[in-house]
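I've put the structures underneath this note.
Both complexes shown next keep chain A, but they swap its partner, so chain B is in the first and chain C is in the second.
Showing the complex of A and B:
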């Protein structure tokens, strides 16, 4: 399947990933290469084969009691935040004109 | 207690000497810090060295021994930890600008277990960014050199951990393995590396790449040391919902040296196209050693082998695109300093700046495979073929106790040779991704040298039967000496002081 710059831009938008023009050119070519390679799967007859999502081989999915536990202290968690305001994460102001919904 | 340098002692030797008070954890730790100072400027295995904190911890271990307490089965053993495993108060970056400066407020379960067993976390090791790669060249910070030939890659993605163990900077290390990221660098660096069964070791605190594939495991210089480490790491953890409640085994006790009657399967597909014939030959010779010791060897077939790599790349990238969605520039990680006009901009720009080229490629591929119109054709198809691959392994492992294959199709390749060619790089994983897709335990041990570079033998076993893999690996190491060879670097570093 041919991969176009539009495909890469559309997927990057879905992935919330800003690409600069150099990224884009490089990615179109590389994505094309990998897609061509994985396309060999189309030759496998998988009619009636149940998809396998994970290989968990344990006898059953373990359950744990639903009991309250102490979380991490707020200050420790927020220590890695790019910006904070008291006990909150802070993001840049970005309400746009006319956005009142 | 010995005239050998402390950096040449293994895990079991070190721990037993420290426990008996014949060796102080502090001198062991200091010897390894000195070694790191002497050689790591060339090897670049470490992103962070804990230094004083490691020495303070070592003194606690020594104090416990003086009081008559037993610090545990890893008493005084320095352990290097791949930098995608969270260490409380110690920077953890996944070798990504996205997480530069991130200091976890908690320890991964494996770190808690190592600490409880008396181990000393000596530093954090380099990797391909977010563990995506096979050479450690995709690190945002540095390229790690192979201690056997500094112009070559150590393999990846746990290249820093494997190189550290090979270079004598630590007797043991932790890695993660999603498609071969423990076994491939173990092979390229000539050390022992184990990817346990999916669910065997808790992943709580490991930075997620592909959740149906990722597994944490140990590196050491031989099977016995690896068994000691696995015994500490393995076991149920209620904080990881994929952690298995299966009983663990006496891994060291399983090392009887006896392989009589053990059935080893050689899958024909792992010895053909794409595999260097000299590597294939070295692996066959290694299997012959086990045969001479009484194992039975049979040819088997895994017909879907040629589909493992394409399935892996669809499954792994799809899961990665989902796992990496958490990096949004809001709660932790990189945030753009450019002016943004919407929340979407804030996220997209932060991600565009924070992620490196290989991570971007994989996010694009994974998002593509999951997107409307392509889901059935790519992700859905890959999941179906994944079942066929798992069925292949189940059928064959009903007939044999374990499989023997090359770990990698070649020996370590030169730095730069494949860095910009994704398909050439991905080919390094053709022998390893199957065990991840099927969730099976697999290990790599050195089984010879080609042009002075180590060759890896991979053993793949039944779910939760790491004991049989370790028994076979240990039996092989009792009969051979490849695992005892050290890179020439060892001599060069001995005189080193501070770099």
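Showing the complex of A and C:
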């Protein structure tokens, strides 16, 4: 499956990445290589083999008991925030309201 | 759209409404799903967060066992099949309230699948199929009215365990959607997995709505309605949206598959500004979490610990105890009240009388006090005794209401009140007959009226006997004796 610059731009957009044209050309080739590798894997006959969700097959996820512990003080929580408003993180205004059609 | 939409009844509509619901409920755990932060509602903003639920680099999620158990419990109560091995996946998108750039959710192996929930009259129920029940983490909460020109985010909600319950598009009216939500909410309350409060956001609903001509079995274009914050707004939004869609289609227009926002104030749905990119969540298994086996014996243990579920209880109340659907719904909808009713039955009270007392006298007292059943001062056995006194004809219903008031006020035993106040009903035929004869003799005109065919004259005569006995005469007996006398000696 050939990878196009459009594919790369779309994935970049979904990942909120800004690419310059050089990046695009380079990434088309890189992603093409990955896809070719996956294509090669696809060729392996896996009939009769259990799907694997995780490489640590056979083990299961560790769990914790449901006990609460106080988290961080609010000033520590906000210490690395680019912008704060009282106890909140301040972010650019998000459009929530709808508009009439 | 500026024309007001008036929703017609199902009969006059030329179209059929098709609805599927996606419901999110917050599980009532002490701590979050992947970290130990507390889950208390209404805490100071950003006071219940840690590096894990803030999505700081280098942190790893560890699953809360109780959250998993609650999810299985809810899925079983919704008649789901349980996945032998569940797994967590990442749902990738960017939004300020989503700390990691992905939400840990479940994609192809949800905890539960292929369930159902019954709605409507228990004698003739409709089964709404449930496609899946899966476990995920909640996001932070964005607020838009705090800082001028900006949005702010509170991450206390980030990582609260959330159950998503997705129905098949089996719902056929706005009322049925409300019914489904009511039953679903009750299942959450009965199983204790969520307090399911829509006003606090611990139960949230998205509606997928489409319409089609009556008789068609083809699905129309779906719009998804968000921002619904009460059962009432769900009903109004579905009614509005279905009518809007039908008007677009009737005018030869086409519908877009889109998300619409319910404007509570104007009672209309409006299209959200379209995002440039279509949704593409690029789900993949979360490498930070291993698969989660749900062993059959553990699942069966949870199943065995389920209480009688609201559906079964409603069916029993209507079909076995002969209560009205309305009374059954009111009782089932309030587990505390239903528990009191059950205690009355256990103490020997007759079901319909018990239901009637609980839903009138008891409920009226609770409403007046603004109290729950726990605060009600009359133990069930004592109220059952009062009901028995009425049933046996020892006291009249009118007297029973007085006794009830005194029992609530003073905590007295019903028998003691009856004796102290001389409320014992006169059921002695000979004694009553004497009074009946006296009343007949003193009221020749009504007697003549009755004999001339004016039935209502009997009511007056009954009233006179009751007056003579200060309300203590057994009214049924008075009626019988009067009729007897009036028809025999002419």
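Heads up, the rule we're going with is that the second predicted complex is superposed on the first by the 82 of 101 C-alpha atoms of A that agree within 3 Å, B and C clash if a C-alpha of one lies under 4 Å from a C-alpha of the other, contacts with A are read in each partner's own complex, and residues count from 1 in each chain.
Throughout what follows, a contact is a pair of C-beta atoms (placed from the backbone, for glycine too) under 8 Å apart; a residue touches a chain by one contact, two chains touch by 3 or more.
Since we're looking at a predicted model, the values are computed, not measured.
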item	value
First (chain B), second (chain C), both or neither touched by A:72	both
Comparing the two partners chain B and chain C, which touches a greater set of residues in chain A	B
Touching partner for A:88 - first (chain B), second (chain C), both, neither	second
Partner chain in contact with A:23 - chain B first, chain C second, else both or neither	first
First (chain B), second (chain C), both or neither touched by A:8	first
Touching partner for A:59 - first (chain B), second (chain C), both, neither	both
Touched partner set for A:34, first chain B, second chain C, both or neither	first
Chain B and chain C contact sites that coincide on chain A, given as residue numbers	13-14, 16, 53-54, 56, 59-62, 64, 72, 77, 89, 91-92, 94, 96
Complex contact set, residues of chain A against chain C	10, 13-14, 16, 53-54, 56, 59-72, 74, 77-78, 85-101
Touch list for chain C against partner chain A, complex	1, 29-31, 36-39, 44-51, 53-54, 62-68, 85, 87, 92-96, 101, 109, 142-144, 146-147, 149-155, 260-261, 263, 269-273, 276-277, 280, 282, 285, 287, 289-293
Complex contacts: residues of chain B adjacent to chain A	101-103, 105-106, 197-199, 211-212, 236, 238, 241-246, 304, 306-307, 309-311, 313-314, 321, 325, 328-335, 339-349, 351-353, 355, 357, 360-361, 363-365, 367-368, 371, 377-378, 380-388, 390, 422-423, 426, 436-440, 463-464
Contact set on chain A toward chain B in their complex	7-8, 11-20, 23, 26-27, 30-31, 33-35, 37-38, 40-42, 44, 46, 49-62, 64, 72-73, 76-77, 79-83, 89, 91-92, 94, 96
